[in-house]
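A, B, C and D label the chains in the order they appear, each numbered from 1.
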Amino acid sequence: MSEGFLSSEWLRLILGLLIVLGFSQLNALFLVWLERKVAGHIQLRPGPMEVGPHGLLQTIMDGIKLIGKELILPLQADKKLFFVAPVLVFMPVLVGFLVLPFGPNMVIHEMNVGVLLIFAFSTFTVLAILAGGWASNNKYALLGAVRSVAQNIAYEIPLLLAVMSVVIMVNSLSFSDIVNAQRTVWFIFLQPVAGLIYLISATAETNRAPFDIPEAESELVAGFHTEYSGMGFGLFFLAEYTNMFIVSAVATSLFFGGWNGPFGISLGIPGVFWFLFKTYVLIFVIMWVRWTFPRIRFDQLMNFSWKVMIPVSLANLVVTAIVLKLI
Amino acid sequence: MSYLKDIYYGGLSLVEGMAVTFRRLFRPLVTVQYPRKKIPLFSAFRGHTELKIFEDTGTHKCIACGQCEKVCPSNVIQVQGKKEQPKGPKVGTHYVIDFSKCSLCGLCIEICPTDTLQFSKEYQLVGVTQSDCVIDLMARLARQVEEKKTQAIAA
Amino acid sequence: MKVQEIERVILEKLPDTIFKRDETGKTGSSWSAVVAASGIRDAAKAFETSGFFLEDIMALDFQDTFELVYHFNCYEPGSRVVVRVLFGHDQVPPSICDIFRGAGWLEREVHDFFGISFSGNPDLRPLLLPEDADYHPLRKDFGKVSAYRKREDIYG
Amino acid sequence: MAERQIASPASQKIYSLNLGPQHPSTHGVLRILLDLDGEFIVKADPVIGYGHRGHEKMGENRIYKQFLPNTSRMDYLSGMIFNHGFALAVEKLIGIEVPERAKYIRVIASELNRISSHLLWFGTYLMDLGGFTPFLYAFDDREHILDILDSVSGSRLTYSYCRFGGVCRDVDAAFIDMTRAFLKRMAGRWADYDNLVTKNIIFINRTRDVGIIDRELSRQYGVTGPNLRACGIGYDVRKAEPYEVYDRFDFEVPTGSKGDALDRYDVRFKEMQQSCRIIDQALDHLPGGPYLSKVPQKLVPPKGEVYFAFESARGLTAYYLVSDGSTSPYRCHIRVPSFGNLNVLNEVLPETMVADAISILGSIDVVIPEIDR
């Protein structure tokens, strides 16, 4: 027993879990701060400045405030579902961390179907949103939840098709294999269309502007989390940012070479820093997009997915397959 | 063809928009961190009204004629005065405004026959009760006169 | 000019209309007409067909009469037309909300403030006042009033 | 398990949604009762009156001078223009001469106010559409206008700057410099706004063919201002019945063609540029002399009435004053443009989506306290 417990696989899992728990929380808090700073500077204002140096501790204070707040249960809400939903939205996000390749040999659990696992679990998010929106007994929340389901189904398809084109190039569903295949040339140069489609769909998957129609502040007040207060809202909030990290990290692994430096030049910097650097740059781009564009209308969003994204990604997949066969 | 064209020009317009926001990232900020930094007020600034201190008399020139009281659209002002000598002119002794009702239109200042009213430069007006908005201008004037005196002594 | 045209049309339909031209432009309207309460629908129809829009409806409360003031205008310089309707405090003028669709709300507002009901307006719920308001604040017998006059005191 | 009711029962396809009065994008306190079929609106019923303060009754109980501060509180976004209009109405009623310099100052102040109102509309409209950043850019620009107006009137929103017979404070060289600097600044801003918003494909898709108010509908509901001009009718009170000194300036009345939200956006945008032109010309020809004519303290207008129409930022606005020869008006009525502009929603909203409803409501630019009065 003790031998099994101390075996490297177990140790790795438990250590990894602890690190993931700590990292995901800190990372989410940092991202909230970063978002506010990016938004601020784009809008010619400094963002949070008062708590800590350059407001670094602001989000921690916000978190404490949220924990201290009352959880309000709306009248006639489905109590169980209402409280389960925020937990449900956070859990699949944590699972994603299990298979992310932070660096060579820095995977918590090496899996030969890592890509599949992440996308399988990321679908859970929409379930949680639907549950939360439904349980709130609020028409705005319900509208947001319904929108979210439609949107996620529409964007899952191009997302997976884009990922497919990478997978058939490597012939593996393991992250490490995919990253290793990009040692010299990143897949974004070989698969620019798939990369772009992945980024757009991923933004939509995470409900970020300009695809934030499930929460659509000016239309649906706060969408599916209209009725959430305190840490219920906090968990939705943290999940959004952790989700953003996951999709950016996946994009880094699939298209931007993971822990590899550009064109095989690593400059002596450890792979994990390359990985994190690229991930944060992608996150910055997602934030930058959010603070630039207005929101897309619901039907246009669906049209864009079914009429542009899916045909283009399908065509891309076919072309990739043909080219691979010819080579 | 137009399908691809639409996608291309649509995408281009998005990139142009992102260029605008990216440039702004490096522009100087316009925010003034308020309690630490303050913007100077314009000379025309309208705070609540106050009584002017005239250099020649060292005090106000209110004659309690009540014209400001009458012209005020929202009954903000209460003035009382008394005659110091039996045949002499009236002098204002009591001037209270209820700032919560004031709309800062300036009619009282324009109508004042002795020009003894002016807008103050007071803008940090915080109170927790409604009565905090009631300002006794005579007491305020007395304070200001006192301050002036101590300043003069210090100088 | 649409104004001359409308004058002719209205005179055809309502021969006893009293016209007053304002050449000086002192009142802000180029001419005004007094129409009987029963004739306002005909007048409004004439305005509608000749391309005018309804700028405003408002009411005046006098001791001896109510006065409804309709402002019509078309998109040409200096063509504002005022149509006045005089009727007693107990009378009910006809609604023109089926001729000008925007008139419905204007009539509701007048109903709010003066208690004038328009016959034929299906929706006279209070617009600006609370839903349960049963008072009419712009009537001269409501609240603080400086004067309650007869119409000839002002218009001679 | 307890019985739950979320939407209306399944047998009923249509459910109602209460949009407002506390909703992020209902601009003030507007409430719209929407009957929805899915996301589509079946029936819309705007409910107004939450901000009713009885300005018309107040007008009857106050002397003319005392009503001045009220005027800028109706449409608080173009308070200067409302001030200006009321001063003009009373001057016309009594027959007060206004010095040339005051006329030019008033025009400059009104046009600055018009730009600031349109800028605020631009910002909030983009916010309604989900774009947060243009809002702050617009407010950055608007801040400069508020500074200019603050430097001359002492207030930033409710100015009470105009007086019968002029304005209450003369402008100085600093004001002229600030205004010139602002015009120069704005000249460089249009391209940025174009790149960020006007050309943006998402924005165009959100506004093109959305909420079409055509000529017939505008006429039926008495829609005026930029909303009317967007459907191709170049009716502007500043051109049709020139008041003050507007007939001396060279400016155009921009018009659209279809009357959809994009046209309304375009018209307002071009209007800001035209206002800049007017200000530029007015500054060039700003005469010297007094800024306030001698007016008796006690104003007693003759018996009679005046209907004074002027163009506020939202359209044709008019003061209707009936004087009975005493110091306060017998009747004081204000024709507000937003009234007609909002009324038309009854017909425009059905068969659009909730997201479009927000877009339409934003694009017609209503100020609810102006309607409520």
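We adopt the following convention: a contact is a pair of C-beta atoms (placed from the backbone, for glycine too) under 8 Å apart; a residue touches a chain by one contact, two chains touch by 3 or more.
As the structure is a prediction and not an experimental result, all values here were calculated from the model.
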Selected interface, B-D versus A-B, where C-beta contact pairs are more numerous: B-D
Whole-Å separation of chain centres (CA-atom averages), chain A against chain B: 50
Centroid spacing, where centroids are CA-atom means, of chain B and chain C in whole angstrom: 43
Centre-of-Cα separation between chain C and chain A, whole angstrom: 62
Distance between the centres, which are taken as Cα means, of chain D and chain B, whole angstrom: 26
Sequence positions of chain A contacting 2 or more other chains: 42-45, 291-293
Two or more partner chains touched - positions in chain B: 14, 17, 20-21, 24, 30
Multi-partner residues of chain D (at least 2 other chains): 133, 137, 140, 196-197, 200, 202
Pairs of chains, among all present, that meet the touch criterion: A-B, A-D, B-D, C-D
Footprint of chain D on chain C - complex, ascending: 26-29, 51-56, 58, 60, 69, 71, 73, 75-78, 80, 82, 100-102, 104-106, 109, 113, 126-130, 137-138, 143-147, 149, 153-156
Chain A to chain B touching residues, read off their complex: 38, 41-46, 49, 288-289, 291-293, 308
Residues of chain D touching chain C in the complex: 48-49, 52, 54, 56-57, 60-61, 92, 218-222, 233-235, 239-241, 303-309, 316, 318, 320, 322-326, 328, 330-331, 333, 335, 339-340, 343-344, 347, 371-373
Chain A partner contacts - residues on chain D that touch it in the complex: 2, 4-7, 15, 17, 23-25, 39, 126-133, 136-137, 140, 196-197, 200, 202-203, 205-206, 353-356, 358-359
Contact set on chain B toward chain D in their complex: 9-11, 13-14, 16-17, 19-21, 24, 30, 42-46, 71-73, 103-107, 110-111, 119
